[in-house]
Structure formats: structure tokens, C-alpha cells
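Down below is the structure, laid out as C-alpha cells.
As written, the chains take the letters A, B, C, D and E, and residue 1 is the first residue of each chain.
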Amino acid sequence: MSVEVVKYLSVGLVMLSTIGAAYAVGKIGAAGLDGMARNPEASGSLLTAMILAIAFAEALAIYALVVAFLILFA
Amino acid sequence: MSVEVVKYLSVGLVMLSTIGAAYAVGKIGAAGLDGMARNPEASGSLLTAMILAIAFAEALAIYALVVAFLILFA
Amino acid sequence: MSVEVVKYLSVGLVMLSTIGAAYAVGKIGAAGLDGMARNPEASGSLLTAMILAIAFAEALAIYALVVAFLILFA
Amino acid sequence: MSVEVVKYLSVGLVMLSTIGAAYAVGKIGAAGLDGMARNPEASGSLLTAMILAIAFAEALAIYALVVAFLILFA
Amino acid sequence: MSVEVVKYLSVGLVMLSTIGAAYAVGKIGAAGLDGMARNPEASGSLLTAMILAIAFAEALAIYALVVAFLILFA
């Protein structure tokens, strides 16, 4: 395989790693909604904590995105 | 494999990563509906939080879409 | 592999990603029906939220469809 | 395969390992939100412990990122 | 395959092993938070035990990191 060829294949592999980030977002979001339904008075602090936790998960996808862009354009 | 050939294959791999985003949307949507059924007075704030959480999951699919378009057209 | 050949293969890979969207629709639909059965007075708002959540999942399949059409005809 | 070629492939493999970190973030975030909903008075210490645990999980993704950068640029 | 080539491939494989460490961190962190929510008076000793358990899991990832560095630079 030439270098050009393998770059695209590895971008495909790298982006597959965002499946994990999506799993985390789903798990955290579901738990947040579940908590708000069970205990509505805590909605505010739950929403804050949910967004914070999702941000950490999103960061993992951003890492993959950065590596993908580095492979494609660097 | 030639470059042209591998571009299409890697687009296929990249798009597979949206499976994770779909899992997240499903998990969050199910939790939101479950919460609304259990605690209907919290429907409004649950819907807001549900859409917010789904938007974060959807963003992961958009990342994949952006990379796929970059591979196809850049 | 020739370019023509790999186009069809990658369309196959891309469309596999709709498995996730189908999982999401199934999860959300099941939770919606479950909620309506447990709490029939909330049927109206549950139906609205269910259709909204399913629409987000459906969008992920549309992304795959767009990419598949781009590969086949662009 | 040439060295240049295999570097990109192994970066793809290395980044796949962040799926595990994402699983951990999702699991911890969900447990944290669940705990805050069940026991709101403990919100503060739960949030601190959640961020601490997520930081350990995030560290695993950073390890992968460091190795990926070393392979690409060292 | 030449030696240089197989080095990078095996680093990719080695780093995949951190998925297990991440799973452990997630599981331990979730259990720790769950315990703190159910029994807040035990928060302090739970936090200590959680960090200790996570440290052992993290050690497994460090082993992988050490082996990866040894393969790359030794």
C-alpha cells in the first residue's frame, strides 16, 4: 500500500473510536434525564453535572478529530 | 489499492462510527420518554434536557460527516 | 480492486451504519409505548416527544443515505 | 508494507483504544448523576469524586494521544 | 514485513490493551459514586478506596505505555 492510500484507511479507523464517545454521551444523557424525572428539584444541578460529564466525553471525540485532521493534512 | 479506491472504503469506515451516535440518541430518547411517563409535571424541563443531550450526540455524527465529506471532496 | 467495484462495497459499509439508527428508533418507540401504557393521561405529550426523538434518530440514517447517494452518483 | 505506511495504520489502532476511556467516562458520569438524583445533599462531594474519576479515565485517552503523536512525529 | 514495520503495528496492538484498564476505571468509579450516594457518611473511606482501586487499574495502562515506549525507542 502507498502512503496516500493508508492515510485514508487510518482516518477511517481513528474515526471509529468516536463510537465510544457516543456511548458515553448516551449513557450520561440517559442517567441525567432519569435523575431529573425521579428528583425534579435537583434538575438544575443535574443539568450542570450532565453537561460537564458530556463535555469530557465530547473531548474524546475531539481528540480523534484532531488526529484525523493531522493525518489528512499534516 | 489506488488512492481513489481507498477513499471510498474509508468513507464507509468513517460513517460506521455514526452507529455510536445513534445508540446515544436511542438511549437518551428512551430515558426522556420514560421520565415523562413517570413524572409528567417535569415534562417541560425533561424535553429541554433531552433535546440538549441529543444535540451533543448528533454533533458526533456531524464530525463523522465532515470527515467523510473532506475525504470525498478535499 | 477497481474504483467501480469499491464504490459498491463502500455503499454497503455506509448503509450498515443505519443499524444504529434502527436501534435508536426501536429503543425510543418501545420506551414511548411503555410510558403510554403506564401513564395513559400523558399519552399526548409522550407521542410528541417520541416523534421528536425518533426524528433525530432518523436524521442519522438520512446522513448515511446522503453519503451513499454521493458515492454512487457524484 | 513500508515504514511510512504502517505508521498511519498503527495510529489508527492506537486511537481505537480510546473507546475504552469513553466507556469509562460514560459509566462514571451516569453513576454520578444517578447518585446526585437519589441523594441530592451529597451532590457536592459526588461531583468532586465524579470529576476525579473521569480525570483518571481521560488520562488513558491522553496516553493513547501521546503514543499516536510519538508515532506520527517522532 | 521488516522489523521497523512490525514495531509500529505491535505498538498499536499493545495500546489496544488499555481498553481493559479503561473498563476497570469506569466500573470502579461508578461503584464508588454509587456507594457514596447510598451511604454518604462513608464518603471519605470510599473515596480513598476508589482512588486506590483506580490506581491499580491505571497501572495496567502504564505497563502498556512502558512496553509501547520500549518497542518504539529501545
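Going forward, contacts are C-beta pairs under 8 Å (C-beta built on N, C-alpha and C of every residue); 3 or more make two chains touch, one makes a residue touch a chain.
Listed by chain with UniProt protein names: A, B, C, D, E = ATP synthase subunit c.
Remember, predicted model here, so these are calculated numbers, not experimental data.
**Student:** Assuming chain A simply isn't there, give the groups of remaining chains that still touch in a chain of contacts.
**Tutor:** Result with chain A masked: B, C | D, E.
**Student:** What's the fewest number of moves from chain A to chain C, given that each move must go to a chain touching the current one?
**Tutor:** The fewest steps needed to get from chain A to chain C is 2.
**Student:** Farthest from chain E in C-alpha centre terms, which chain would that be?
**Tutor:** C
**Student:** Would you mind reporting the rotation angle for the C-alpha fit of chain A onto chain D, rounded to the nearest 5 degrees?
**Tutor:** A turn of 25 degrees brings the C-alpha atoms of chain A onto chain D.
**Student:** From the C-alpha centre of chain C to that of chain E, how far is it in Å?
**Tutor:** Inter-chain centre distance comes to 34 Å.
**Student:** Averaged over CA atoms, how far is the centre of chain C from the centre of chain D? Could you give it in whole Å?
**Tutor:** Here chain C and chain D have centroids separated by 27 Å.
**Student:** Cα centroid separation between chain B and chain D, in whole Å?
**Tutor:** That pair's centroid distance is 19 Å.
**Student:** What are the residue numbers in chain D that touch two or more other chains?
**Tutor:** 1-2, 5-6, 9, 11-13, 16-17, 19-23, 25-28, 30-32, 34, 36, 38, 50, 54
**Student:** Specify the contact topology among the chains shown, as one of line, ring, star, complete or other.
**Tutor:** If you draw each chain as a dot and join those that touch, you get an open line.
**Student:** Sort out which chains touch which and give me every pair.
**Tutor:** Chain pairs that touch: A-B, A-D, B-C, D-E.
**Student:** Spell out the part of chain C that touches chain B in their complex, as residue ranges.
**Tutor:** These residues of chain C touch chain B: 1-3, 5-7, 9-14, 16-17, 19-28, 30-32, 34-36, 38-39, 41-42, 45-46, 49-50, 52-54, 56-57, 59-61, 63-64, 67, 70-71, 74.
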